[in-house]
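Naming follows writing order (A, B, C and D), and every chain is counted from residue 1.
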Amino acid sequence: MTIRVGLIGAGIMGADHARILALELPGVTLHTVCDADGARARKIADEAGAAHVSADPLAVISDKSVDAVLIASPDHTHAPLSKACVEAGKPVLCEKPLSQDSVECLDVMAAETKLGRRLVQIGFMRRFDPSYVEMKDALRAGRIGSAVMMHNFHRNVSAPANFTGQMAITNSAPHEFDIARFVLDAEYETISVFRPRFSDPSKVGSPVFMVLSTRSGQLVNVEINNNAAYGYDVRGELIGEKGSVFLRSPVASEIHVDLQAATSYPADWRPRFAEAYRRQNAAWLKSISTGKPAGASAWDGYAATLVAEAGVQSLEKGAPAAVAPVAKPKLYEDRT
Amino acid sequence: MTIRVGLIGAGIMGADHARILALELPGVTLHTVCDADGARARKIADEAGAAHVSADPLAVISDKSVDAVLIASPDHTHAPLSKACVEAGKPVLCEKPLSQDSVECLDVMAAETKLGRRLVQIGFMRRFDPSYVEMKDALRAGRIGSAVMMHNFHRNVSAPANFTGQMAITNSAPHEFDIARFVLDAEYETISVFRPRFSDPSKVGSPVFMVLSTRSGQLVNVEINNNAAYGYDVRGELIGEKGSVFLRSPVASEIHVDLQAATSYPADWRPRFAEAYRRQNAAWLKSISTGKPAGASAWDGYAATLVAEAGVQSLEKGAPAAVAPVAKPKLYEDRT
Amino acid sequence: MTIRVGLIGAGIMGADHARILALELPGVTLHTVCDADGARARKIADEAGAAHVSADPLAVISDKSVDAVLIASPDHTHAPLSKACVEAGKPVLCEKPLSQDSVECLDVMAAETKLGRRLVQIGFMRRFDPSYVEMKDALRAGRIGSAVMMHNFHRNVSAPANFTGQMAITNSAPHEFDIARFVLDAEYETISVFRPRFSDPSKVGSPVFMVLSTRSGQLVNVEINNNAAYGYDVRGELIGEKGSVFLRSPVASEIHVDLQAATSYPADWRPRFAEAYRRQNAAWLKSISTGKPAGASAWDGYAATLVAEAGVQSLEKGAPAAVAPVAKPKLYEDRT
Amino acid sequence: MTIRVGLIGAGIMGADHARILALELPGVTLHTVCDADGARARKIADEAGAAHVSADPLAVISDKSVDAVLIASPDHTHAPLSKACVEAGKPVLCEKPLSQDSVECLDVMAAETKLGRRLVQIGFMRRFDPSYVEMKDALRAGRIGSAVMMHNFHRNVSAPANFTGQMAITNSAPHEFDIARFVLDAEYETISVFRPRFSDPSKVGSPVFMVLSTRSGQLVNVEINNNAAYGYDVRGELIGEKGSVFLRSPVASEIHVDLQAATSYPADWRPRFAEAYRRQNAAWLKSISTGKPAGASAWDGYAATLVAEAGVQSLEKGAPAAVAPVAKPKLYEDRT
């Protein structure tokens, strides 16, 4: 049986998801591409072999010939559209963040709770990245002892023009918040945000450095540097009492010219996390077939938003902020 | 439209191809799994969702509900089965080597020539490996100047029990012969085979070191070490007049314990070339849809066998051997 | 002319300095080894070819046949002995920290000011380490743009038994405080100290994570992990607006066995900083010949102590602490 | 006691030796600098604090105030000057090769035999390089099993204008011949020389690839590429039956800019082997004090020349050549 997917959002993320579904995964058909910009929707639909386009996301969600929905539209639409999917009883893979407002996240969770089952998977694709998987496996296997600290570095070549100061926290950092929480299997307690000066005042959003503590006593440090200039680069280290694990990024070759040995950085996240996205989407499709949820839940999306909200508070007041406790509703307990 | 594939051979390579077709690629159905060992065929068929099993490869090839054939059976069957596919007008992806006998390769080519089109793709999957692709791209782009030399190192953890001295040349080395020929876009002229002593006399097949010259004047060095013990490791360097390109292998993480920083080697080729196999098979499926051949042709398979034959001569007489010139039939000229 | 050095302190650091002076540097004679433990002094003296031993540091300092003094005795003796050297008009290389009490540092500076010239060099040997030198050179040459952030990681295999919580700040971190200040050419403004929990309560001193801001607006992050277990490891990264520089540690070989590729960590700092110590001590000897100070001054020692004092405050109150401004006396201005 | 050294040859190698003796080693005085070019001798003498210059090497050798001689003059003078040193009873460190003519090497050995003790050390400094030392230690310690093969790659940025085809073998390769022989503790049996074409006909000397077998059955492969363009780069791998050891070169930092992560290559051998030269010269000085020879002997120099001679034969006739057996005179037996 082939799962018919409605894709909402035909921007850079939506286009990549369309490509993955069309070219890299069996058992799925891209049924509809939906975007306010009709030409953009049409282009992606043509490239990915989708028969239909739409400008109305709610129509896509309620379309009986759409089995599941992938949301890659602007951030503020994520929660309401996810909720609509739940209400329509349709599995949904929603790009992160679920919402920048934790109340909206609760709303989505309430819809799932009402329904009595989980339909929302959040696009925290790093949980499927082989590097993070090996890191978590090393920890679980006891190879590095108990976890003490985790360092996370997120670097983009340059921030979009409309990037504001707190978007590094609300928009970029949730990936780091989630993955550290996932690797450590721990919840956050406090967050302290620091910012260096940046000489170019137009580059307002960069960078931010955060120190978080978990309720299990670990420190999690997060650097978000969206104007790092030199390349797209995600680094990470997990420090245990007996040793340490570092992430490695994919590098296919090394060139030696002009008195240098060099490897290349990608210009954006797609080459770095190509395998993670592929595995995430495959796991999503499989979870639809089996009815067994995979990846990050709405509750995980909520947890990431809570810490981002505390981070914004810390940024604004220039002092540490407490992260609200993340009660885990019964529906989300059965996860493994 | 979905391509229905008949898989011939349910050993380790066949199982991996079944997995790739079933889980990693759209537009394809595994229709039949064929193996002399019925239980083995059934197991793979069940895992990969194939509806049929068979013990008769010729029946699979002639089956009207099979659109294309993937050959992963023992080496000596490759050429006759490939030829049968051509005669049945079916596209075939044949694991390397096409044959250990160049006359048999010519036979397959003759069948294609008679038919007037190419249906055979040889499983030289390294041509799709991102590392070799970047190496070749760097050369083409002029980043390292004209090619002067290429070093190739192939290491397995241990050779199978039945591995004989010359199998390193006829069975393992064809991958190296083909990829160097592909990267350099050159044909071989001579080959000299050298062998160090190995303390364990039961490990007869290991290792072999070969120096080849191409008709364009480059040197190609090939180490085949099937009892390297430490891991599956393929290394390579392409040296140009202005610089050098090294392959890099996939490494996802790095662990620091016990006064060491360490990364892992896989125990066999599958993790190392997972992406190459996936891309090769995707290209094969696409070539079936478009009718435009992809990857290595029967002629490329023939070229690799010619040099292996010269290698065996060199090994036997302990002196350099000439590689027979590889005339390129018209049918194989239109490749880009 | 040969410089006759009196070495005060024959512990692990003193022994290493004796070895460097005796075996790695021309133009110097180890004249006296001084230690409260006479046997220990004698052993080092014999190994390094020193003619004299002593148990009285002040006698060594005032000995007319001693041209210069190297202080490697316990921390609390550094400042008074350095001051005595200044009062005796003798050049001194004093191991860090100059003192854990900034008032004592001022005392030493006052002695130099009274004398009208600088005689004290502090053993911040990292300023001579090729890795940090290349980092600072890259910054100065504009290769990475203006400095934004610096990450510093200091890891020991295990802390000494008597290590207390704040010693990570007062004893280990001064190396990091100094080198970041040196690389950035900036003074600190605030420091925030964080501590993860550590499962073994006997390992009280480990680890500490600090976020410092400089008066030029950069962030400097410092991890001190004296129970890192896996090896002696100092890492660092300097992030500019256009790129980034990472330190690399000396690695002489790489071993591939048992499905791993591994490099070794040293068990302590000596192999890692062998070259830095050698260059530092050579620069010290040269500065004695030329009369032109080299390396870190008493004022630099004072600056490192000021930030350590603020760090202890931050640790105690669990909140950021301001670092007192470091006025630069005229005597210390002529440095380049 | 200070050893007074007479340096013969004030070219690039001589200048570096002068610097090492003057700045990096205790217990030695550079007494005389000798060169046919008086101005060049004077310049080095002034820089290194040598009191005397000379244009007559034999006068330096017979000078009673010269305790030991370091020969860094043109290759053809090495053997006669070394012999003169032996006849004058003076320890000598002679740059490689001892001679390009094995008969001349025998001459020097005969002089030592007549004297009844060894006074000649050959400048095969790689024996003191920490990378090769770790490689040999790993082999001796049984970490990689019995040695099977060794790969050696020697690359210079560009060959001198007067470099001829066979100089790669007679002048550059002796370092590789000696170090592989030293690491493996084995003598050579055959050598086969191969040459790729090089597009620039003026670059006549580059590159050469050699396959050698040892009398213990190992293969030793040597690439000499004096026009490698990209940097000075010496690579090596020792392959055992259980694992493999790779050399690592010194790298102090890593810069990340413009979508690349890069490390630097030196333009020549001095930074790469700075530590090896320093340790070699220290060992030489120590051997003078103790009377116990260190490093490579005249016999080792002879062995390297024998294989180079066979290499030239192989190059000329385009076929493998036998390496003459290297009888070990009694005088050279006591080596450890």
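Heads up, the rule we're going with is that a contact is a pair of C-beta atoms (placed from the backbone, for glycine too) under 8 Å apart; a residue touches a chain by one contact, two chains touch by 3 or more.
The model shown is predicted, which means the values in this text are computed figures rather than measured ones.
Q: For the chain pairs B-D and B-C, which is connected through the larger number of C-beta pairs in contact?
A: Counting C-beta pairs in contact, B-D comes out ahead.
Q: Which of A-B, A-C or B-C has the same interface as A-D, meaning more than half of the contact pairs match by residue number?
A: More than half of the contact pairs of A-D reappear in B-C.
Q: If I average the CA coordinates per chain, which chain comes out farthest from chain B?
A: C
Q: Counting only Cα atoms for the centres, state how far chain C is from chain D in Å.
A: One centre to the other, that is 38 Å.
Q: Any idea how many Å lie between the Cα centroids of chain B and chain C?
A: Distance between chain centres, rounded to whole Å: 57 Å.
Q: Compute the distance, rounded to whole Å, between the mean C-alpha positions of chain B and chain D.
A: The answer is 43 Å.
Q: Got the chain A residues that touch at least 2 other chains?
A: Each of 229-230, 242-244, 256-258, 263 in chain A touches at least two other chains.
Q: Chain contact graph: line, ring, star, complete or other?
A: complete
Q: Hey, which residues of chain B end up touching chain C in the complex?
A: 157, 229-231, 233, 256-267
Q: Can you check the complex and tell me which residues of chain A touch chain B?
A: Per the stated touch rule, the residues are 22-28, 130-131, 133-135, 138, 143-144, 242-248, 250-258, 263, 282.
Q: Could you list, by residue number, the parts of chain C that touch chain A in their complex?
A: 145-146, 148-149, 151, 192, 194-200, 207, 209, 211, 213, 216-219, 221, 223, 225, 227-230, 239, 241-244
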